[in-house]
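The chains carry the letters A, B, C and D, assigned in the order they are written, with residues numbered from 1 in each.
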Amino acid sequence: MDSQAIATQPVEDHAEHAHHPPYLRHHFANLEQQKETSTFGMWLFLLTEIMFFGGLFCAYLIYRNWYYPAFVAGSHQLSILLGAINTAVLICSSFTMAMGVHAAEMRWRKPLIGWLLATIALGCVFLGIKAVEYNEKWEKHHVPGLNFSVDSFVHQDPHYPEDKPLPLDMAEKTQVYFSLYFAMTGMHALHMVIGVSLLIILVVRAWQGAYTQGHMTTVENFGLYWHFVDIVWIFLFPLLYLISRHQ
Amino acid sequence: MHFISPVLWQFLVNWLTHFALFPPEASSIAPHADALYFFLVAISLVGLVLVLALVAGFSFLYRKERNPEATQIEGSTLLEATWTIIPLALFMVAFVWGALLYFRIYNPPTNAMNIYVVGKQWMWKAEHPGGQHEINSLHIPLGRPVQLTMISQDVFHSFSIPAFRVKREVIPGRYTTVWFEATQEGTYHLFCTQYCGTLHSQMIGTITVMKPADYEAWTEGSTSGMSLAQNGERLYASLGCNACHSGSATARGPNLAEVYMTKVQMSNGSYSTVDDAFLRDSILNPTMHQMAGYAPIMPTYQGQISEEGLIDLVEYIKKLNSNYRIQQTLNTTQVQSSVQSPAPSTQGRAQQAAQTAPGMVKP
Amino acid sequence: MSQLTEKEILDTEPTHHSEHIVSPRVYGIIFATLLVLTGTTVGASYVDLYAFNVVVALAIACLKAVLVILFFMHVKYSSRLTKLTVAAGFFTFFVLITMALTDYISRAWGMW
Amino acid sequence: MSTIVSLPDQTTATLPKRSYLNDGYGLKSWLLTGDHKRIAILYLISITFFFFIGGFFAGMVRLELLTPPTDLMAADTYNKMFTMHGIVMVFLFLVPSVPATIGNFVLPIMVGAKDLAFPKINLLSWYLYVVGGVMTLAALILGGVDTGWTFTTPLSTHYLNTHVVTAGLAVFVAGFSSIFTGLNFIVTVHRMRAPGMTWFRLPLFVWSHYAASVLMVLGTPVLAITLVLVVLERVIGIGVFDPAKGGDPLLFQHLFWFYSHPAVYIMILPGMGVISEVISTFSRKRVFGYTAVAFSSVAIAVFAFFVWAHHMFIMGISNYSALVFSLLTMLVAVPSAIKIFNWSFTLYKGSITFETPMLYAFGFMGLFTIGGLTGVFLGSMGMDIHLTETYFIVAHFHFVMVGGMLMAFLSGVHFWWPKMTGRMYPEGLSKLAALVTFIGFNLTFFPQFILGYLGMPRRYAAYPPEFQVLNVLSTAGATVLGVGYLLPMLYLTWSLKYGKIAGPNPWQATGLEWQIQSPPITSNFEETPVIDYEAYDYEWLANKTRHEVQTVG
């Protein structure tokens, strides 16, 4: 039994202990343990993020079945072009982030900074487009609670001649659609803002050469976060913009 | 008894006169609920006594003074299986029994008389079909199943009668129902048990169970003159419902006579039963209750009719068994509307119209 | 996390997992695939497939998510613990949805 | 196999020269520490503070209920009192109580690690807890909040003008504190175990904390998003739960209880871990059916996510759905029953002594049995109709939370007090406190079962006079209970300076934490331990002690 006992914490190597690298924290035996630990921790954090967005997706699913025409009409008010561009932008940013992680793994300092800066730029483009969309919603009175009117749903909208106006009771329910739209994209945008802020810190640290001397777990873990935010959008895009388009 | 302080003495007297372990068993459901309760108490006692006996017995037998040497035991699959399976079996009995009771409490018999209840911060309003209104009290006849159709105007409330062992959440925007059959004359507590704001503890009332004859007398004595259905008929006319739901072959809306509790086909092909909730929702959210074969032209009445008004309408449609009076009304209205403004849209105006033309609804 | 995972973790706990560096070529291929899939899903949304529009859109989204998870997030090259963690997250999300839907779907069935 | 364990002679024990307590002085060395033991102490202090705040509200609630009318305070004030009592006790005491204090202190040592996996996140978790706590206090000082701890919509979103937003955000922040604690534990258990420490050599304390951590990590975010939606609905008026805008208030209930039912297990599972340790140690016997107890924790964690709607049986969920949830609820009761019986049989053929932690553990077993079994009443749908929202449910969850969890917490605090401080608590006084607590508890909460069956609704500031007798009993019990809780605080503080020196292993327990000095050094172990014995192996401990005696001799 003893010989088969599996340890997750290796027996301390005293020779190595004497000159361990500065980024090895005292309570880890070696770098490998430290890296696996922090990656696992990051995954657990993403687990909580799944459940965080999960509540919203659950609400979306239920209300879409209840108020199907309102959700169709609501989604027709979104710009599929902007949504598609934003999806592409986010996928690009995921790619640049992945390349950044690769650069860090290869210990290339300048490419790392370059890829991170590209990711920041793409993140900002995404947020900018999102701001344009939000602004449009405000102007069209589609912000529930603050600035909402059912006008564009009870009258024939000249921009969407194929849409029949909704009866008033169903038009009122578009508020639920837009509430969820703002809650979901808002939470997602908040994650993007946090991501971009963290990226700026990463760039500064990368500039100082922190990730190119063999310790790049931070970059890798941030990459996980960034890709997760991308995945959320990959689901938000079809759910909010696309699935009612054909009607 | 001068050596006992008067306060304490009062307390003791209170104890002796008011001590009870159970509320009165005043409904047909109560004995069933109590039976399950006694069963659960019994298995709890057995379980508790067993655990206490084990703990106390082992503590006595194997205390250090008696048993200085501990004997290491890994476990026993047989024993562990025993205390997995036996509790599981008991819990399953509790589940099945509880489920049966649940469906007994929440499935009203078909012959139940219906009373409507509206909950709002912080009062209960009961409306009898005969038009009797009560605040924070409810009079019901002995030995007759009574079904309550309840709705809240604002927040969650909960309608609870401990003596009947029934309780149901009263929620905004949706009818919920509960039923009971009183078996004992008397006055019982009515509580709101869902926390509903500042005066939650004042949202209480009394349930008065009366002999059928007394109940008849009470109904006679406290009627407001108009039954709910009559109120509903007025509202029906003043909101202009009869313009489309006239029952004629060419009408734009479905015929409502005897529609209650029938199965109707919806525009998406599914079938729905026309119950109270369906009627109410159809008035407020007609688009979601689109019947097959009709155009989606009905406007919503959301925000135009109070919950009481909706109850009147629902009660009217429930009792509607011919379209004769509707058509009569329609003719009168057409004459009237040439003089007066066309179909008023709010309840206030509706009542006004009803006052100005009292003969309108009378054939 | 499900009960099953526990036992499996016991013998899958990695003490030494070799560093796997994904090549930029793989990233490039995945990137291109994702863009193509995005185009496909936008295109498919304009075609009337009746109930299948939702299915197609969500299937493509799931495919994209799986690609991102497996390659960009390196799960394909990670330990089984990581894979189980991801699975546990989606499993719990699935529980939330299905158990909530037991109520919402059967509410329409009426009083019993 | 038989084991004789004799307690060490404490007269010769001395405090170690170097320990985590004297490794740096001054406020900064505490507030910026990464040491899990110091963070545990910080948590212990702040949790005790909030426990007494919550206790104060409980006292006010009980005082008001002494008489039927609202005479001591207005209904409005009363509502704020029970709301603050609920929020403080649930989110600021019960959820972090055992995990963040005792768990934080001993879990890394038990698995043989020098610290938790993420010391900084551990500290961050404490700061988030403090921020959450301060926000709760702010809500209180600004005028209170009266939603009830359940934040029921649409009451909380549209019908109250108290500080719902502040309180909601406070719970949100405190929730993240709990997420980070759970995350840290899971990673530590997976990644930081010492060589030879296999999963089945882990003490059951670790298993139960692992299970609770899974619940924290997976459940809490759903509460977080729900509270965000409530706040958004209140502040800007979006319409996810608002029936007037087409939302479904029952959806709030679903999402809220998706967290808040597992939260009940987050609260009780760590307590069960404490009981496993204590019962085993004081009967000098391996826990009966180690594997069954370990897996019952995991089973509870798994089933916890499938049963939430039993809080909603009367709320208008579909009958079919209620049926499913009731069935699953009955299943989740079984693992708890297994645990209780396994603990009872751990005593069988043991060599039992009755130190204070053991007395609290006995209290736990009795009260938790009652609490658990009355849970079956409430899981049984038909019975639930009559009992829910009455004092029966109040009594039920206080039996589980106070009778169960608080007993376990006190048991654990006494059990590990020598390890944390290096000193013993006064044995006589603490046994008295345990007894007072037990009596006070039963007097307070048992009458509430009867009140509940009589139909007295919960959250009532005024009640019909026929309920007074039982309410007076309950309030009298609460007074006794209050004394029972004040006592430990006083004598434990006293023992910090005047307690007997404990020595490394005063109980002769087998856990890894007892094999090092008390209080431990900052890095816990001089060198990474290699584990070559099973959990609760008293044979091994006896051999080790004999060996040590021989070496010294």
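Going forward, a residue touches a chain if its C-beta (ideal position, glycine included) is under 8 Å from a C-beta of that chain, and two chains touch if they have at least 3 such contacts.
Because the structure is predicted, anything quoted here is derived from the model rather than measured.
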* Structure fact -> Note: chains that touch chain A and chain D both are B, C
* To do: Determine which of the two chain pairs, A-B or A-C, is joined by the larger number of C-beta pairs in contact.
  => A-C
* Structure fact -> Of all chains shown, the one whose Cα mean is least distant from the combined Cα mean is D
* **Centre distance in Å when chain B and chain C are each reduced to the mean of their C-alpha atoms** => 44
* Asked: How many angstrom between the C-alpha centroids of chain C and chain A?
  -> 15
* Asked: What is the distance, in whole Å, between the centres of chain C and chain D, each centre taken as the mean of its C-alpha atoms?
  -> 35
* Structure fact -> Listed in rising order, chain A residues that touch 2 or more other chains are 6-8, 10, 36, 40, 44, 47, 50-51, 54-55, 58, 62, 66-67, 172
* Asked: Of all the residues in chain D, which ones touch at least 2 other chains?
  -> 190, 198, 218, 222, 250-251, 254, 258, 319
* To do: Hunt down the residues of chain C that sit against at least two other chains at once, touch-wise.
  => 10, 13, 81, 88-89, 92, 96, 100, 104, 111-112
* Which bits of chain B are touching chain D when the two form their complex? -> 11, 14-15, 18-23, 32-33, 36-37, 40, 43-44, 47-48, 51-52, 54-55, 58-59, 62-64, 67-76, 79-80, 83-84, 87-88, 91-92, 94-95, 97-106, 121, 154-156, 158, 160, 162-163, 165-169, 171-174, 176, 189, 191-202, 204
* Structure fact -> So, in the complex, the side of chain C touching chain A is made of residues 10-11, 13-17, 19, 21-24, 27-28, 30-31, 34-35, 38, 41-42, 45-49, 53-54, 57-58, 60-61, 64-65, 68-69, 71-74, 78-79, 81-82, 85-86, 88-90, 92-93, 96-97, 100-101, 104
* To do: Name, in rising order, each residue of chain C that touches chain D in their complex.
  => 1-3, 6, 9-10, 13, 81, 88-89, 92, 95-96, 99-100, 102-107, 109, 111-112
* Asked: Given the complex with chain B, which residues does chain A contribute to the contact?
  -> 66-67, 69, 166-170, 172
* Flag every residue of chain D that touches chain B in the complex, lowest number first. => 1-5, 70, 75-76, 79, 146, 148, 150, 152, 154-155, 159-160, 243-244, 249-250, 283-286, 288-292, 313-316, 319, 322-323, 326-327, 329-331, 333-334, 337-338, 340-342, 344-345, 347-354, 362, 365-366, 369-370, 373-374, 376-377, 379-386, 388-390, 450, 453-455, 457-466, 468-469, 472, 538-539
